[in-house]
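Everything below concerns the one structure shown next.
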Amino acid sequence: MDKILNMNKISKSFSGVTVLEDVDFTLSKGEIRALLGANGAGKSTLMKILCGVLKKTSGTIMMNDREIDISNPQQAREQGIGIVHQELSIIPTLTVLDNFFLGRELKKGQMLDQSGMREIFIQNSQEFNFDINPDVKAGSLPVAKQQMIEIMKILSQDAQIIIMDEPTTSLTRDEKKNLFDIILRLRDKGKTIVYISHILEEIFLLSNSTTIMRNGHVVGTFPTAELSEKSISEYMSGSEYVEKKKAKSFRDTSGEPIMEVRNLTRGKSVQDVSFRVCPGEIVGFAGLVGAGRSEIVRAIYGADKKTKGTVMIGGKVVKIGSPKDAIKNGIGFIPEDRKREGLILKQEIFKNASLVQLKKLRSYHLLNEAREKQFTKEAVENLSIKISSIHDPVQKLSGGNQQKVVVSKWFSDEFQVLILDEPTKGIDIGAKEDIFKAAEEFAKLGKGVIFISSDIDEVLRIADKVLVIRDGKVIKEIENKDITQKDIMNVILQYSDQEETNEEDEEV
Amino acid sequence: MKKMKKFNFRDYGVIIGFIILCIVISIASPTFLTTRNILNLLRQSAVVGIISAGMTLIIISGNFDISVGYICGCAGAIAAILLNKGIPFGIVVLAVLGVGAVIGIVSGVSVSVIGIPSMIATLAMGQIINGVLLLVTGGYPISINNDTMSFVGKMSILGIPVPIYLFLLAIILVNFILKRLVTGRHIYAVGGNDEASRLSGVSINKVKIIVFVISSMLAAFSGIVLTARVGTATATAGVGYELDAIAAVVIGGTNVAGGEGNAWKTIIGVLFMSVIANSFNLLEVHVYFQYILKGLIILVAVGFDSFNRIKVERN
Amino acid sequence: MKNVKRLAAMLATFILLVGSLVGCGTGDSGAEAPDGGEKAGDSGYKIAVLIPGSVAYFTATQKGANRAAEELGVKLSYADANWDAAKQLSQIEDAISKGVDMIAVCAADAEGILPGIEAANKAGIPILAFTNAVGTDETGTIDGLVSYVGQSEQETGMLCAEMAKDLLPDGGNVVCIEGKPGTFPQIYRGKGFKEGIKGSNLEIVYTQTANWDKEEAMSITEDLIQKGTEIDMFFCQDDGMANGVGQVLEEAGLRGKIKVIGLGGSIQGLQALKDGVIDGNTFLSAEEEGFTAIETCVKYLKGEKVENLTLLKQVEVTAENVDKFKGEW
């Protein structure tokens, strides 16, 4: 097999800090290569160098045995390297056609050549079997379709190497299947694909071989067939793999539930949800992306307004109209999007950590930074947060450590219930473990925990009972005893099968 | 120890630059460094300085307020009217501050609860205040003959003009709020990321309203100082001061995007602007060039920060 | 480090700009830089001339002032307060700091200037007012002022009254269009006019301010015509507003029926008189005013006696003698 790409002894440093060291990365034409590594391992940096966003400090890049220079994205494109970023660069207010030709519009003289562009678009979509209407506003399309536009764009620029960075994060099950079909089709057409992902299931499904990185080095490149979850985990973390299962339960079902939700409704997105949380219990919310789990907890927390329903803490009905009320009543919330909802990025770490507790950390009604810093230092220890100084802006930290800062905000006895919404999204294995530990610590102290995750294995690992959610409804409540991921998926699918059957009955 | 060093160096940069500016001007004009001129300069900065102190809060919270110039002029006129009616000075001050507070509540509610962008809301408020003022005064200037006002405007304590003490007081007040009160921390939080603040239990509406109330009250107070200095309240007093205040805050180094900054930086910004205005008078440069220069300096000062940020983001 | 670089950039901008401006001369608004101070070296006095705002009138005033400076060998420095009383106060304070020998100020606000006069007195720097009267006395003089050089607004008003009586010997309804409320000219021209028409058959039926603005005067006139009020004459406190009124009346076909008088003697105003758009005007040389202001300053500095009122008079201009006058602004 020809070597289409040869990255040799690539190193990269930022003002004296080395993030990549002597990395060798080669690709054979037509292969699908998975690229794995914890956050901070260097895989994003390596790919950014390949597609021209960053400049390498040293090393050589060869394509088809010819040395090339990639100093900017334009040059990467010219060499046939394209990347579909995790955050799409689609302009929502422009049409699909406009987006497709953005930056390289065809002109007839001085004016746009609309018909010419349209023709090319149709050619391209037929060739790769993409079914998208060129005239709708890109923003009105689901993320999956927007992603397709980006892929199409890259292909139309004759990309030979296509890099995909965590492409399935916002896709539904069907959309994922569709994407995998596209990827396989591309391979059949002779394209080479680099697939970056945390989701091992996908990697096993798609890739021929897998490159694993750790701490700025390549640990090795292995045929995917020879890898297992165990070996991957060991390579990535450098430590031995331990089978993770729900260990001890701290649930106390003897007395009053610590929180009870009755008939919670919010328009169409949350429908008549009721459940209980016992002291020391971890309740897992399982479901697919878009099932409405975040909407449910946000309605409980007062982040969104509910239309109906009651929330009870310790047996008493509480009125929650805003996050401030929720906090007063002892409910804490770790939101899904930590950068946008959980942290003030440019502020110091200790100021972020202390924000919820400010009033309690005062002395004589005046702010007491010494106390805030003490609080933060304790949290840093408890959660093993890797920082250089609590005075640094929190945006300097890696994703996992940022998430730990968010968690640390709620370290206080006054909280009875803690809600964690996708707390492990986008963080490395080591940090994930610390988050699980933290959740279990809360439960140990007799608090109630609601744990939302799209990774069913995670839910099964930590929850006492699982609420399966779909379309804003609780379709089933299951005790976490001897059940597997398949069982949960079946519940979800049964429900949708049931829905389809109902619809068919109605049509008849 | 190391942490302290890092902190101070960044702030020193602003002060060093200011000192260089003063050196350059004192070479160009021998009268610059005289006691008389320096006191003049400080006294002339007081009114805009008090407004700038309030504007610091506004900008840190992520907003703008372009009605403060009108508030200043209007407050001066109200003070003049009330004093001429024989109402004691202390009550007049309270009344004027009260008017400022009411204006601040209206602006604050418009921006927070109703959600009008602050630039637009305060633009409209400014027009309303201006209109009310013109109606009330009929466009006529109002002269004042009051001993306390004369004291405030023209007298000195220990050789330093009274307005300077008032300017300092405003800065100390704002600094206290920002650094020592929970509300101050909340102001930084809201300016840094209001959604994250809300989800952390901060009442962002309350914070925004408080910010506008304090700023408007300070602007109103500055109107009293202005009128005391000039001895008359005119309908056009204070116009344009909002831009000077924003410029002072921005030149001082506070980030226009919100979430960071402090009161001491604003002082440097105010003095910077005053030194420039003063130097123009001493060097006999036409006042219109001041507008060009002010604008250029704002572009350069803010442009520098923005450009650096873009460079960092793209790297 | 970033902050230092930023400040450096700001300083560089400042130094470049100011350096180039200072190099170009004394920075007056476009008029030639006087070499007076270097050439004649006669008396070597330094006089600060403070203008209230950039209006064409003061360009003419400056011409006259510069001429006087050259002839008498004094050095002038200019500052423009852009109609802000507080700014003018600062400019007086700075002039004192600089150590000028005398200050000649045209007030931006008749009463707002008082603290400035006080400050000059306290510092022992003589101060003189020109063109815009100060204080509350109708003559425009107050204690502490060396002199007021300019017209007596009241007399000007009375002159206009005479013109009105000549144009309407049988009397009639007069509408007064005034300048910015509260300004010295507005108050006293109006007063003088009222005094002057006492005893005649002229009656003021309506008074409105157009803030010295031609457009505003035109709007007011249009509205009045709509209302159909009985009007025989418009008296405008300056000829710019009068010009506007006249134009509106011409377009409405009412020029023959209604008289219009203004005052001041601007270029456009005199032309309007020539073209028959208005019926009467006055003239006062702004250049002479400027010249006299500096002349008076030098007189005082040399120790000669100076009256506290140095009056210049407006002269009546009619369609017959209009060619004898040349507008300066």
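Going by the order they are written in, the chains are A, B and C; count residues from 1 in each one.
Rule of thumb we're sticking to: contacts are C-beta pairs under 8 Å (C-beta built on N, C-alpha and C of every residue); 3 or more make two chains touch, one makes a residue touch a chain.
All of these numbers come straight from a predicted model, not from anything done at the bench.
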Identifier of the chain whose CA centre is least distant from the whole-structure CA centre: B
Maximum inter-chain contact count - chain pair: B-C
Distance from chain C to chain A - Cα centre to Cα centre, in angstrom: 72
Centroid distance [mean C-alpha coordinates] between chain B and chain A, Å: 44
Inter-chain centre distance, chain B versus chain C - centres from mean C-alpha coordinates, in Å: 33
Contacting residues of chain B [partner chain C, same complex]: 9-14, 16-18, 20-21, 24, 28, 31, 34, 36-37, 40, 43-44, 47, 138-141, 143, 153-154, 226, 229-232, 234, 236-237, 239-240, 251, 253, 272, 276-289, 292-293, 296-297, 300-301, 304-305, 308
Residues on chain B engaged by chain A in the complex (per definition of touch): 3, 6-7, 179-182, 184-186, 188-189, 192-193, 195-203, 259-260, 315
Contact set on chain A toward chain B in their complex: 14, 54, 301, 303, 322-324, 326-328, 333, 335, 340-347, 351, 355-356, 358-359, 362, 365-367, 389, 391, 409
Contacting residues of chain C [partner chain B, same complex]: 1-11, 13-15, 17-18, 21-22, 26-29, 54, 77-87, 89-91, 93-99, 109-112, 114-115, 118, 180-182, 209, 211
